[in-house]
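This report concerns only the one structure given below.
Which chain is which? They are A, B and C, in the order written, and residues in each are numbered from 1.
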């Protein structure tokens, strides 16, 4: 079960247009994306009301999308406005239209009750196109439950193992984290003090070989599956932990996770930085290193899913580092329960 | 659920012989086809009664088929007649034998109660080997429920969309059809008057460039899934609609649709024509054009099936052009219901 | 359902070590094999207790196996002994450890209650490393229920059909077998007297061209799925049946069958011989011929499984040659029933 009344990222802005109609399965539902003649993005159920052919195989006629099979045409509200061979449109002939907003280079859509869709509720990803930052990213595909990826990002102790040769150093896993939780977010904070940075930090930050740094990871989860990381490092002992980051580099790792099906996931992410903005190779260096590390994650999480699905699986044993992930998943599942049974949800909250 | 007490096409005559034993799944049942020494076709359950090995991997011993695993031999009635290492055949050692008739280049078999199999009930496809006609065809494979293909053929308004660049012109979808129904067939008729023909009609019919034609489509469905089309075109205004086809060309598009499984289908078809019989390139031209168009159909219908099976699927909305398809599917489903519960079927008919 | 309280072969001794951790699914459970620093083999559940990642993707740290995801370490008893970032190990943090014995070049493991595991119960395969014999074998994979392979080996009449051009001669299937059964084994015996041997028998045994032999097959099944064959041939009429094998050759075909899943199987086998021990090409000749024949078996049994799973499958018809297989499968199923419901098992035995 998914949280329906929520904004999700459905596509990168560059993925949709007027030529290739984009079909993408989101929360088990097939969706077609296109742009109207004025550029406004549209997201419709990709299933003609007549005989259920995929509209994404059809073509655009002005702002209408025409079914490839028998030529029915739909407007951006999902209403059928033309049926070949007859002058009237049958009552109820429509497909679902999803509220859509284009923001921060992503196409956001609302998968639940359209009456509840408020663009003000879209998560803040201003680093994607803030002039004070440079950002770049991509879409990856995960063969696993999206919640496994949320947990992955909320416990970076895995850097010491999965990413031992890329992002990690053994010091990360040995450093405890602190967890802060509210109704609407979970934040995990870890400071790895006076230790060696990973190689690409050294290169991007201009640290001397073997120079020690103070490294921070502030990870914020918001529902259903957004994880924003404030990460960076400064020369050891120059006061970064007290707020002076002038001797270091600051980045944002920005993750928007959208379920495709129960056990597959669309993974939208970008890396932003606020230093050396006139050196594009820095952005490319960061993205290339994160890309390589994320491939390592997706492989392990895919195997984790296969393992969960095979043989007998015992309940999970939790360790200290799981604090953030447990809080996030518990919060998310309570929201999903409340959405599916509003009455019961309130009682449960009162009883807590 | 399928209609069992019916003749289906199981193979082309050229597909079966004495060397390669043909295994083919029909209505979810594996069947093996071969010919006896005198050429008579045989269709048996492709599953040895002993340990269920496929007989089609074995070989012929005279008119017997020998199991590849332990050598049991069956005659054309499906009775085991020899068990190696013992002199008696155990009681009940037999496989199912299907009534078979070779007619009009197709191998027909009866999938239900053999006592009800009457060769006189085989559908008329005499155009396949009538000296007044030339015909040619093939077997295609569809990844979808066979009923979706029946519907496809009963509403040719899709020619204007799927086959916009091959068989179709936009005029087709805009022209209404008339539907005629009896207990045993549905006929859909459409006349597209005074319009441009598709390119291969022009070539085969010798029409002048840009010459207008009167084009007809008489489509007859008979259960379970045979669709015969009387199609053609004559110079506009030369009286074709009134019966004078002398200024035009007449063809038969002949379709025998056999379910393979619940969601896959064997599609046997041929195209026949009664003009320019001494010019084989005409037949080849017609078949090549229909082949290309049918590939377009199979692709869309395959996607239609995927879409029906994914996400939430609302009830279908019917339009005017669906009249023929709705009547056919309703008739077929009533026949299947009656076959599975004869008593209930009669009551339902009485109550209608 | 499988017999759990039993020793199974999980791997060849050469398959496991300290570099590539071997993941193998056995009886539907993922297992990881490795060796401790002193060479002792270990078999653990391949699923970290924490977040269920496969340990086989991790690495060895001394005698511990380290999870690839968050670095938890387990000892050979399956107990977690280290959790990065904390000083205590949470209670219950362990994976299943399987009793393991390395014997006769195979790694044996016990899949049921460890308290019942007695190495003395391991089946005798001493021919694998007895100085009086030479043996060689391999691991093959079958896409079918392991019981179908047990049946295959207990009725060699299939040699006349599946292996008509390799191991078989038509005389085999025509010769009756005798069956001997106890609570713990089934033995099938067949003597094919005064007939031509298959080509590789001729070569290995040094028989003259067209010389006739007396050929024996003593096949012993023990539960759950071990089949040992004492096979060979001697010059016809030289008294082999009475016990004098001096004019012939004797081999052991040794089969250890381990279910992978309900419908896939690991097939460990070897061929041993006690003659011409200083001529390694003899061993290679035997293994190459058996390998080719077993490929033929696996193909037919795979198709048999597909057939059983498709369409309507009637109950099996038994023939005389099935005696051994029927006794073995009946014995095995009674053992599985008794294991799953010990009380009911006793009642059933009393009532028999």
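Convention: a residue touches a chain if its C-beta (ideal position, glycine included) is under 8 Å from a C-beta of that chain, and two chains touch if they have at least 3 such contacts.
Please read these numbers as outputs of a predicted model, since none were measured by experiment.
> Could you work out how far subunit A has to rotate to sit on subunit B, using CA atoms and steps of 5 degrees?
Answer in degrees: 120, to the nearest 5.
> Where subunit A and subunit C touch, do the two copies share over half of their residue numbers, giving same, or under half, giving different?
different
> How many Å are there between the centre of subunit A and the centre of subunit C, using C-alpha atoms for each centre?
Centre-to-centre distance between subunit A and subunit C: 49 Å.
> Could you pull out the residues of subunit A that touch at least 2 other chains?
In subunit A, no residue touches two or more other chains.
> Residue numbers of subunit A touching subunit B in their complex, please.
Counting only subunit A, the residues touching subunit B are 25, 28-30, 45-47, 49-54, 57-58, 66-72, 80, 83-86, 90, 92-93.
> If we count contacts the way the header does, which residues on subunit A are in touch with subunit C in the complex?
151, 155, 157-158, 160-162, 173-176, 300, 303-304, 306-308, 310-314, 316-321
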